[in-house]
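Going by the order they are written in, the chains are A, B, C and D; count residues from 1 in each one.
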Amino acid sequence: MTDSIVLKLNGLSKHFGPVIANDNVSLTLNKGEVLALLGENGAGKTTLMNMLFGHYLPDAGSIEVADEGGVLRPLPLGHPQVALASGVGMVHQHFTLAENISALDNITLGSEPLLSLRRNRRAARRRIEGIMAQSGLSAPLDTPVGRLSVGERQRVEILKALYRNARILVLDEPTAVLTPQEADTLFENIRLMTDEGLSVIFISHKLREVLAFSDRIAVLRHGRKVGEMATSEADEKSIAQMMVGAETPELAGSYLTPGDPVLTMSGVSVAGRSKRDTLTAIDLTVHAHEILGIAGVSGNGQSGLANVIAGLVRPEQGLIKVDGVEIASPTPAKMVRAGVGRIPEDRHHEGIVGAMSVAENMVIERLKDPEVQSYGLLRREDIQDNAERLSKAYDVRGPGVDAPARLLSGGNIQKLILARVFDLSPRLILANQPTRGLDMGAAAEVGKRLLNARARGAGVVLISEDLDELLSLADRIVVIRDGELHEAPGRDREQIGLMMAGEPA
Amino acid sequence: AETVKVAAIYTLPVEQQWISRIHKALNAAAERGDIEYVFSENVANTDYERVMREYAEQGSQLIVGEVFGLERAARKVAKDYPDTAFLMGSSFGPVGPNFSVFDNWIHEPSYLTGMVAGAATESNVIGMVGGYAIPEVNRLMNAFMDGAREVNPDVKFLVTFIDSWYDPPKAKESAIAMMDAGADIMYAERFGVSDAAVERGVKAVGNVIDTSGDYPGTIMASALWHMEPTIDKAITNVASGSFEAADYGQYSFMGYGGGSMVLDEELVPADVVEAVNARQAEIMDGLFRVNVNDDRPVSDN
Amino acid sequence: MMDILNILLSESFWAASLRIATPLIFGVLGALICERAGVLNLGIEGIFVVGAMCGWMAVWLGAGLWGGVLVAALAGAFFGLLHAILTVPLGLSQHVSGLGITLFATSVSYYTYRTALPNVSSPPRIEPFQPLDLPVLSDLPFLGSVLFQQTALTWLALLLVALVWYVLNRTALGVAIKAVGDNPDSVDAQGLSVYGLRIGAIVVGSALMALGGAFLTMSAFDAFFFGMVNGRGWVCIALVIFASWRPGKALLGALLFGAFDALQVRLQTEVGALVPGQVFLMVPYVLSIIALVIAARSADYPRALLTPWFKGQR
Amino acid sequence: MIRIELRQTQSRAFTLGVPILSAVIALGFAAIPLLAAGANPIAAYAEMFRGVFGSVFAFSEVLTRATPLIFTGLAAALAFRAKLWNIGAEGQLYLGAMAAVAIGSGVLDITGILLLPLIVLMGAAAGAAGMVAPTYLKTRFGADEVVTTLLLNFIILIFVQMMLEGPLQDPMGLGWPQSAPVLDQGMLPPLMERMRVHSGLVLALILAGLAQFMLARSVWGFKLRAVGENAAAARHAGINVNRSLFGVAILSGGLAGLAGVSEVAGLKGYLTADLSPGFGYTGIVVAMLAGLSPVGVVIAALFIASVFVGADSMSRAMGVSSFLADLVVSVSLLCVLVGGFVARYRIVRASTARAVS
């Protein structure tokens, strides 16, 4: 069997300042195999892969990669171009695409001699088209990448790796931004390629796809490898246990009678700049004690809906009432005052001011509050106390409330936002992709908080691309498509999926 | 006699025409051994007062410079250092006991070069490119225009100010524009004008310094400024302890040798040379007074 | 009104516009290359001065005109390299470094000039570039005098517009430069060196800027003066944005600017008495702002402009 | 392979030592031009020191030169905090100066005590007005303020020249492009007999302290920081981003306008087109050296001013070209810039060979 090993990581360690991101991790990958790499947020998965690809230099350890003849050879560390040349391709957790050039240019970037006065774009295009046909992954080649959808960008990322003749493909959370359907297609295509001899390591927090598509599972915890098993022998429970070292709670919202409407939107229209933020005459009611799930393929108007409820966008037409009171020309501040808590989709970009302290981020929505300021001056002690209290209550862990918020991990940033939102006891909560990119423990925490708020009497608008999440949390589901809302007839996975895709229910 | 310690403070580099004349006279005095000469060039107006005080503190006996941008402050400094002699280019009058002024009063030779230009133009259009429309510049331009009109009543003038003391490429562009508009003689108040004249094969008239060596065959005549009479007079006064607040402007007049006119006899017809020389003699003898007019000159349309 | 029309129809007006535009073309191309790679180069004003001084000085010392051009470019490249080291691997503030380079380059030039020529009373002159008098072409009715009476440096500038356009849009290097200015990670992930691309772009861009300065002392004029650059570098920074970082539009912008300047000079003699001359001087700047406002809607910034990038860091 | 890492800890000595060391290294570099001109560097440095600390007069001159730099430095620092790249302090300075002479030269019939406050207020207002259009164009049309403010500098300077040859020209000025002088009761009182340092410095220091306090302690400062660090998040959180931008724009422009007031009503007495040798641009450098901290601006302004005044006086004492002063300032600036980097980061040498073995 040894001759089929294509990759060996030997005792890799890496620290960032005091953080030990990887501690003596060893791993092997076989030819044609799909290895799933699992672990909580911050377990060190990305770091490990970045060392393989040469972005990071390990503190200790070595890497061996099989050459075309299958002979393992040591990989010089710290040079992405060497990794690429040795057949290692990586699809990063965050897109590494230049948006001002075409997909074709992104794919061929770095593969041609820089100082040549001519390019052979025709040959490149033919090769890419070949790869697209073979892998089933396709994307428009001539449009600037900035205008592609996330799904298309994800495929361009993979095409980039394949174009460089990757024999080992690393996919870091490739499906985090894809719909279930897109994810399934992606994995089917990957399967096609592994049959041709490609070996794949993929990182994911979605256990369903891990169980469905991987051959083998390796689990990291706190930078160490804590287990490895064949997927056929694994189940959700055992994996989860291995990842967090404890059992995760089951989520179950008992039925509650819906109360009065807390949000009413009637005939709301927004002419957005793209399909993502366009809404056409939307009618929507959310009641107290109710979680309304918004399902849909990404880019069908979710952003538009979220922006309107968050107060970021003023609708051209229509009426919005919160708790029965009409909100004329809404702004974020008005919405907060009306009792709307907002959990933004992009927590780094819209949720926090990374350079400001955790404590400051916790009061950023209530600067008029007499507990926060008097005579225009900040009450620093009260702000501090508030932060200590919320950190404890919501288990926000990090280097302290005075540290810049950007130092928190993704999960803890989300907890900070939850604390800020829930502490104001909002009447309505807008939760836009609240668990995206979170590990299971953190995701369960978010779900629990939403259910608690519902129990308390709040209404919740939950926008998610994860149908499983919607099905487990929402009392009622509507589907958004092309900026219009369609009531889902029942809670049937298949049927909702079809509605999302635009077929008559 | 003892050497006099002289410091000069210029707001522009010493290549600038106007300043170069002072610099030259002081260098000459230093070479003769009459003075010990130090200078600071390109001193911003903001810093000028500090530099004056520094030199005064360091024991300079005579401080030479130009205070057009800071008349008030300069007089204040002079008051604080009554034992130091100040000789400053200025539009205003002297202040006792120690603040004297000078200026480039070369309207007389300018008048004469105007006569040369007026006689030479065939298109009857003369172009004039100036820096800023300030009295010192206007005065010379007006005298030049008067001179030209004396010999050629039909002559018209095109006037532009480039709003900079120092932008030869821009002055050159302005000159080219004027020649496009028909000027066949250029009054070169700024660097750059003569270059345009050379390019177009047109004649030019110089101002303050003699550039005929740089543009052979182009400069017909130049009105020259000589600071030597002014500087030498001041040095003598300081050395003898008789320096007083006075207006040294007259030492720039032709009569004192502070102004002169040169012309290129190969480019100027003999009859014109004769007429100019006659006029020059009258000026020297005090029989002819060139009008002093500080108003901004404008183009004839 | 007739006057303006006459002016606009005259060959010499267009020739002057192109002549005035030439240093701007060099400068705006240089700034464009730097910014395409993601680095703002406010050193441009000083690099103009260095180019003007070094190019002229080299010729004056006997290097020959093209030797002077080469020296100017090298001097510009040197100061570009300095800016590149400070802003790329060290990631220091591009604003401060740029303004620092401007101050440094300017004062080094002036100091060197003055120390080398302590006692000149008028600036020494060189034999500058002469208009290229091409046999038949120069006699063409209109284009003849507009285009074919320019010096070789103006031709070089026009050639460079085409070259820069070609490189940016038709070569792998150009794609990489555009990519590194948009998202350095995209380049890094494909095995190219972010530092290498950026440093290279700044060095080359700065060399071009220096040529803009050299044009002033070796073609527009024949001597070096203090303060002769007079804000031309800053104008290029504005023109880059006007041009939306495209060489074609950069040429257009520079020409427009040159045309206004040329028009201003011509109108002033006519109506100088009625309207203060300064009104004309303001026009190109005001128009640049208006053009910017119109262009701003579509202006797509190099997204990574001003943001330093460190290898192996989040 | 060499990599750059943020320092985790920083000793106090290190924080203080690095800037000093940078300045010393800068002086080392400055020896090159000195030697090139045939001067003795050691003697030169002694002269430079004397030029700064050698006498009360010398130091008062440093303070005089630092005063406008504190104003323009604050103008840049506040605006940059909000990521409003105001490069136009130079123009706003002239607007302030124009307002000061327009009001202060006796056009308005105002009694003594009121004149000075009015000059200060109107100067600030004029500077602030200079930021309104760029900010409007930015928030409304997305027009880049770096360019608009930069271009406005040129426009304003030309406008100043026009005014100085027109309505603002001193009728007694014999046609020179200069304004009538500010009345005596409109002048900022000097702080010391026979020295130029004036009470504009006090105003600058008070404003720096106030800015520091407000940034850290006020809701206004909170909003400003939030907008600057992440405008999208600030907007999402209910902060009116445009209003914050306008607020800081007006403050920034006003501070730059005060630089003009202070130069005209504190120092020169009237306006000419060469009032400022680039104080607006130097202010940007000051602000960045100060890490955009208002108190830091005071220190950075004093640093730049002393290097300039010291080097300028040294160039005279040594008989080398006075362009040396700018040269020394620029070299110091670059060295301190790099020094600041060394203080924040460390350069790590990681050997690839070891890792492979």
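The rule we apply is simple: a residue touches a chain if its C-beta (ideal position, glycine included) is under 8 Å from a C-beta of that chain, and two chains touch if they have at least 3 such contacts.
These numbers were taken from a predicted model, which means no experiment stands behind them.
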item	value
Identity of the chain that, by mean CA position, is farthest from subunit A	B
Length of the line joining the C-alpha centres of subunit B and subunit D, rounded to whole Å	37
Gap in Å, rounded to a whole number, between the CA centres of subunit B and subunit A	76
Subunit A-subunit C separation of Cα centroids, rounded to whole Å	45
Rounded Å distance, subunit C centre to subunit D centre (Cα mean)	27
Junction residues of subunit B - those touching two or more other chains	41-42, 163
Shared-contact residues (touching 2 or more other chains) in subunit D	3, 5, 158, 161, 165, 321, 323
Numbers and ranges of subunit C residues touching at least 2 other chains	110, 114, 278, 281, 311-312
Pairs of chains in contact (touch as defined earlier), listed by label	A-C, A-D, B-C, B-D, C-D
Touching residues on subunit A, where the partner in the complex is subunit D	17-18, 57-62, 74, 76-78, 310-312, 331-333, 335-336, 342, 344, 349-356, 360, 364-365, 367, 372-373, 376-378, 380
Residue ranges of subunit B in contact with subunit C within the complex	12-15, 17, 20, 23-24, 27, 41-42, 127, 158-161, 163-164, 166-170, 172-174, 176-178, 180-181, 191-192, 195, 209, 211, 214, 298-299, 301
In the complex with subunit B, residue positions of subunit C that touch it	10, 12-13, 16, 19-20, 110, 114, 119-123, 125, 216, 220-223, 225-228, 230, 261-262, 265-266, 268-270, 272-273, 277-278, 281
Residue ranges of subunit C touching subunit A (in the complex, touch as defined)	166, 170-173, 175-176, 178-183, 185-192, 300, 302-303, 311-312
Interface residues, subunit B side, partner subunit D - complex	11, 38, 40-47, 49-51, 53-55, 57-58, 68-70, 72-73, 80, 91-92, 132-135, 138, 163, 294-296
